[in-house]
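Look for chain A in each of the two complexes below; its partner is chain B in the first and chain C in the second.
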Partner chain A sequence: MEGFLPSPWWQFWWLVSLPFLALGLYQLRKIVRERREALPLLAVAGAFVFVLSSLKLPSVTGSCSHPTGTGLSAVLFGGFVTSVLALIVLIYQALLLAHGGITTMGANVFSMGVAGPLVAWILYRAGKQVNLNTFVNIFIAAFIADLFTYVVTSFQLALAFPAAEGGLLSSFAAFMAIFALTQVPLAIVEGVIVALTFKYIIDVRPDILVKLDVLTQNTLNRLKEAAA
Partner chain B sequence: MKYKAEIIAGIVIVVFVAIFIFTNSVVQQKLAEGEESWAGADAQAEEFISETGYEPWFSPLWEPPSGEIESLFFSLQAAIGALIIGYFFGYYGAKRKKGTD
Partner chain C sequence: MDEHLLDDLALNNGLKEVDSRLKLLLGLGAILICVFSPSPVTPLIIAASMALIIVGLAEIPPQEYARLLLIPVAFAVTSCIVILFLSGGGEPLYTVSVLGFTLTATTASANLSLLLMARTFGAMSALFFIALSTPMIQVFSVMKDLRLPQEFIDLSMLIYRFIFIFIGEAIAIHNAQVMRNGYAGFRKSVDALSMLCGSLFIRAWGRGEEMLIAMDARCYDGKFETGTEEHPVSLLSLAAVGSYLAGCSILSLLFSGAVLFP
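And then the complex of A and B:
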């Protein structure tokens, strides 16, 4: 969608995204220095965004869209680090695929890397507090990270292109029909796949999940008992 | 149950494919000749915006010259990601099996 955000919106979304990216880079540096054992997991979370956002899937609306893959990283490392991972993928797709775009990247970083993952992270933490089943919790987080991204995209476009009749709300509804509706089945598939991946992470490196405060030792023991 | 998550994921994917096959049969019937279905949602949004008379003010610096080249880069993207995921899961898994972890 290169060039499809008029001034001042593309500058505005870049400005909004920058502080999140800066915080994300700061947190990344901390992980690299102090939590080296978590680096492979960081690579996997980034790779996950790479794979899922390359898959254009057909939806019930007769059009195609792609999942975001940001749910895993949001749960593991939070919204700020995820914004940096999203930026890397967006640069790849903008430069090599003419998908997304440099001028719209600020808006895309905000929807895909900040808004979706941040809401997912908050939901996951809330679910953890009330002892929601871990896999259900992960599913919801990944589902929301994906879906909310496209809700925000619709809102960003509606802000830039309010309808002549009906204004902001009317064009928000139109963009929601194009983006968010298409996204619902994809978000469900993504949620299930992320939950499954999480199961494998629990299998191989449960210790890191406890260190990153993603799971408590108690929850982990319970999950291990259930799996045995 | 040990494979509960795998079974649920399998069922969801099968349902997803079934919905696609069904939707596709409906879509294909309604299609006018020469019309293409299953376009990207972003292309639809671009069309919707262009209908208001808006002209994009910036074009991509480089565009894949054909659909084949485009799918090459999409596949490359997926391959890079899959390689990294597979490497680390394999590494951790093997390490755990050897009991050195």
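And then the complex of A and C:
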């Protein structure tokens, strides 16, 4: 929410996010120069993340919350490009839906666009190296991306509002406890949904995933055999 | 899903002819004054004046604006209750015991949480002003004036274009699923939603590929050129924005000592 994060923290998180965004923009420029066809496809992915993050997930407690949707993009396009997509999505959430804000955007870009996706991307690549089951791997990546986003958010809030007794750590624990109640079930649901989404994509348009180097043709053949 | 995008309102607002840089200056300036304000008075004045500007000058229906304001208010109230019991300092005001934890609200934490609520409320009103008075197309031309990277602006414009297509498709798929009892029960909901995401992605990707062919057919060379409508900045409106921001800054200095519990 706009205005919630006091100075100097909102400036601090903007500064922390800037190098990642610069790196993302640099990669974006390189991708677009090399493969002209990448831009419309990246745009599709960005719009997809926006629509996904404005969907409401079914949750156990009956309350509704928003998935981050960035785990999917991180698996498809890598961590840094996802930061740029997350920035654009956050601008649209602020200006089209009045979710979030401009001063708080730096902190949100860092938690939702940098920390979560980078961890998801590293985990996915590592899982691929050790030949983890593709769906389990995608579930873990999406689950951790969502969860880690909220761990970082709690940390950001705790830094800005340390508790009177116990300071940073006890305030971090308090924010974590609040988010854990609502977000752990949601992160599991998001993980399952992203994994099942991949299943549908593999069923209908596996060529997209091979082209983006998300899956190799070998893995794909193996998955097809297992399904048959 | 939220079908009401603020852009729909912004496209017909009363201030759409005003230069977009001026509107962004007013909104961002007010947001910064709110964030830096040491007392809750100035943000509340900004919230009230923004409400007048949005309803009076931008001609947004008052009941529509009231409905929009409910979202940030609900969030701000819950977060400020957390801050109220978490931070401390000053005299204890109220103590409550929950699950063996003793939670205390003190004068200093009450001051902080009121300040945060006021800041959030004021800054959200200013954000609503930007969102409701400046259609996205005008934001793109400001991005161009700021010399942001071309790829970034192009990507933003394409995403903007696709958002509306996908929301339409997502609603259509969702309706079709609801009619077939797709969301009856938790397990079915998870399955239906993944099917929605999967088929949305596949359709979306197809759209992207089709668009590529269409753009190739029109000699796409990696750049989008867009025409921008220039509205000259009138001195009167520039002076109005300047004096509003200056007035708010002065108020913020005047009221810097004003708190609930001194």
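Criterion: the second predicted complex is superposed on the first by the 200 of 228 C-alpha atoms of A that agree within 3 Å, B and C clash if a C-alpha of one lies under 4 Å from a C-alpha of the other, contacts with A are read in each partner's own complex, and residues count from 1 in each chain.
Just so we're on the same page, contacts are C-beta pairs under 8 Å (C-beta built on N, C-alpha and C of every residue); 3 or more make two chains touch, one makes a residue touch a chain.
A quick note: this is a predicted structure, and the numbers were derived from the prediction, not measured.
In the overlay built on the shared chain, the residue A:L215 is in contact with neither chain B nor chain C.
In the superposed model, A:A145 lies in contact with neither chain B nor chain C. When the two complexes are overlaid on their common chain A, residue A:L25 makes contact with chain C while staying clear of chain B. Of the two partner chains placed by the overlay, only chain B lies in contact with A:P185; chain C stays clear of it.
Contacts of A:Q93 after superposition on the shared chain: chain B is touched, whereas chain C is not. After overlaying the two complexes on the shared chain, residue contacts for A:M176 are found with neither chain B nor chain C. Touch criterion met: A:V84 reaches chain C, while chain B stays clear of it. Of the two partner chains placed by superposition, chain B and chain C are both touched by A:F4.
Contact with both chain B and chain C is seen for A:P40 once the two complexes are overlaid on the shared chain.
Touched by chain B in one complex and by chain C in the other are residues 1-4, 6-7, 40-41, 43-44, 46-48, 50-52, 54-56, 58, 60, 89, 92, 94-98, 101-103, 161, 164, 174-175, 178, 189, 192-193, 195-196, 199-200, 204-205 of chain A. Only residues 2, 5-6, 8-9, 12-13, 16, 19-20, 23-24, 27, 37-42, 44-46, 48-49, 52, 54, 56-64, 70, 73-75, 77-78, 80-85, 88-89, 91-93, 96 of chain B touch chain A when the two sit together in their complex.
By the touch criterion stated above, chain A contacts chain B in their complex at residues 1-4, 6-7, 40-41, 43-44, 46-56, 58-65, 89, 92-99, 101-103, 135, 157, 161, 164, 174-175, 178-179, 182-183, 185, 188-189, 192-193, 195-196, 199-200, 203-205, 227. Residue ranges on chain A touching chain C, taken from their complex, read 1-4, 6-7, 10, 25, 28-29, 32-33, 36-37, 39-44, 46-48, 50-52, 54-58, 60, 84-85, 88-89, 91-92, 94-98, 101-103, 161-165, 171, 174-175, 178, 189, 192-201, 204-205, 208. In the complex of the two chains, the chain C residues touching chain A come out as 1-2, 5-7, 28, 31-32, 34-36, 43, 68, 71-72, 75-76, 79, 82-83, 86-89, 106, 109, 112, 116, 119-124, 126-128, 130-131, 134, 136, 139, 149, 151-152, 154-156, 158-163, 165-167, 170, 183, 186, 189-191, 193-195, 197-202, 204-205, 207-209, 211-212, 215, 220, 222.
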